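In the two complexes below, chain A is the common chain; its partner is chain B in one and chain C in the other.
Entry: the complex of A and B
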């Protein structure tokens, strides 16, 4: 089953082309690595999928349903979660509040179990701003776990993170893969991306330059 | 004796300002606009209670509840018709819209009720209770009790309700909140409703203590704005703290200065904070307006 399909997505910022005619399909349960130099359009592509920006042309389909005509919050409610390069947590909320605000569940046991899985349960009542960069990413992973998102978009989750937390993040991604989640990962470390992903797409100046199967 | 009385007067004034300041800071936190028509929402609330209690002859507590409900609806209407269409414009455009709404509401009330002063007909002038060296009327005790109860309700709304939690999320990072499935427009409408309901409650309490006229919301709103700056923009505890700080200093200040300087004291404090501690008492330097 196709989880995500992009049809001829183009996005321009003024005279600058961020994405041009990008199309691909991603099967459910697969992990796609998105690579390319700075400014190649990787984050813009995630922004288009989540409707943080609207494409100039093209369509986004999630599980067979066209979604690019929906507002961002409705797309998120379909089960598309995201981990941001920066600013992905609510600094003034506790860890538990960061989880609860993303879901209708107020089940504290469930939230604590998830925080335990990402190694943050000891800090559950602390403000998220007190966490290190790596811990903040792990909290974001906790959020996609409690939301039970089906498609998870990871924007450089290892960037600026300590070795220990990188291992933990890889472990969590492995767990999500075992649960059958569909994942798109932006990452610069080629060894890591080959270790984690089934497919690779290389973007070059907004164009899909290369598509490779790793399996 | 005089000092204790001024402290009590300051607490009463602070309680009234706080009900307006909470709404101002909630709306600023979420939209980064100064809602200059907030005082007029309070004024309209006071007139709604006047219609219910004086024109219709129902008890004032009924008028108080109707005013709160009407305030919530009015707040949502102001958001929907004045602010939402301008959401993508510069914040200054929102500020101008707020001033326009303020003038519009003053004139609508003046058109229907006239510019002359009105009162709630609370009966003969109350004799105050004397205790601990000060005098306080039952109405003033009621103002403090109701204001504190509404502040506790605000804490419950922000900390314990889903909408309150989502409002904090939208105020912190609107794009992130939307990417988690939060309908930010719905949250903004709810925040306007809640903040405006508090303002309407504040308007009724102010009118119980003084009188009603179409301009009655202007000065309390400016004081509430000063309280928001003094306490720390975007912080509800800061808004409450700032309100009592302004209420107390302007009342204690007239122990030393002629009473005509009362308003000037509040503005002097505002200027001092803007110059030397713009983040306010509880605000952090890199947050707030710059965010």
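Entry: the complex of A and C
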């Protein structure tokens, strides 16, 4: 089954072309690596999928349903989760509260179980601002896990993260893959990307330059 | 005599505690700086007084005070949804001034600067709240009800969603929060309780005119919220108690009354300076006030 399909997406910022006629399909349960130089449109692509920006033309389909005409919060409710490049957590809220924003249940046991899985349970009542960069990413992973998102967009989750936390993040991604989640990963380390991903797409100045399958 | 004076202070504390709790929902929790809060207070006061003086019972006037204020809260939220930080503050400031101008100039309805005198004391279930003590009981009941309702709302997922909006709207939206709807609800609930406070104020003082609802009134309530700490209901109540009681000793040191008013402003200003240096998060607060004004995210 196709989880995500992009149909000739284009986005311009003034005279700058961020994305031009990008189309691809992503099967459910696969992990797609998104590579390309700075300014090649990787983050813009994720922004288009989550409707944080609207494309100038093209369509986004999630599980066969067109979603680019929906507001961002409704797209999120369909089960599309995201981990941000910077500043993705609520600094002045506790770890538990950070998870409660993501779920409507307010179930503390469930939240603690998730925090345990990402290795942060002992800090559950501390402000998220006290976490290190890598721990903040792990908290974001906790949020997509508690939401049970089906499509998870990861914007350089390993950037600026210590080796130990990188291992932990890779472990968490592995767990999500086993659960059958569909993942898009932006990453620069080619070894790591080959280890994690099934497919690769290279963007070059907003155009889809290359598509590869990794076995 | 001294008893009446103390009860007067307690009643004022109650009315301002409702106001400051209602403002902290919007400013402390949701991070929206509202410089027009006195307008909701005023709308509640006028709505209640006009209805009661037209012959309707007090309970209807009281409920209408909240309802009409909440309606204006929703109206103000619509243009405000696209604004953040200082831009939002300017829009709400303008709203407060517009409401004050309407009160001054729509003389057929409000008698303009002459004000409305002879407002009757409230009557509920056959009890007339015309003594200081009974009025205090009435206001403290409303304070407790306000606290319980707001505490319930803000400790639950609604409160957590509002805090998430304060921290970062975009992230909150990416987690499925309908940010516009939540902001609108925050405005409505905040205005609702400010409207109730307006009704209690008008029927206590028994005279209202537009000069009771100026920007300095909003600033006083905002000071209570900041002093108590953003995002804390208990803090808001503590802020109201401190700022109502603080200037009172000035009455007893024999200064001319023209100086007392000025000194009061100096005390407020001095307190704010000490607060920012010594305890920027307020007495019970979670976040520095500057964070919501300069936040560009």
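Note that the second predicted complex is superposed on the first by the 215 of 215 C-alpha atoms of A that agree within 3 Å, B and C clash if a C-alpha of one lies under 4 Å from a C-alpha of the other, contacts with A are read in each partner's own complex, and residues count from 1 in each chain.
Everything below uses one rule, namely that a contact is a pair of C-beta atoms (placed from the backbone, for glycine too) under 8 Å apart; a residue touches a chain by one contact, two chains touch by 3 or more.
These numbers come from a predicted model, not from an experiment.
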| item | value |
| --- | --- |
| Superposition on chain A - do chain B and chain C clash or fit | clash |
| Touched partner set for A:184, first chain B, second chain C, both or neither | neither |
| Chain B versus chain C as contact partner of A:193, first or second or both or neither | neither |
| Chain B versus chain C as contact partner of A:76, first or second or both or neither | both |
| Partner chain in contact with A:151 - chain B first, chain C second, else both or neither | neither |
| Chain B versus chain C as contact partner of A:92, first or second or both or neither | both |
| Partner chain(s) touched by A:169 [first = chain B, second = chain C, both, neither] | neither |
| Those residues of chain A which chain B touches in one complex and chain C touches in the other | 50, 52, 72-74, 76-77, 81-82, 84, 87-93, 97, 100-102, 104, 143, 147 |
| Chain A residues within the chain B interface of the complex | 50, 52, 71-74, 76-77, 81-82, 84, 87-93, 97, 100-102, 104, 143, 147 |
| Chain A to chain C touching residues, read off their complex | 50, 52, 72-74, 76-77, 81-82, 84, 87-93, 97, 100-102, 104, 106, 143, 147 |
| For the chain B and chain A complex, residues of the former touching the latter | 162, 165-166, 168-169, 172-173, 175-184 |
| Complex interface listing, chain C residues touching chain A | 156-157, 160-161, 163-164, 166-168, 170-179, 286-287, 291, 297 |
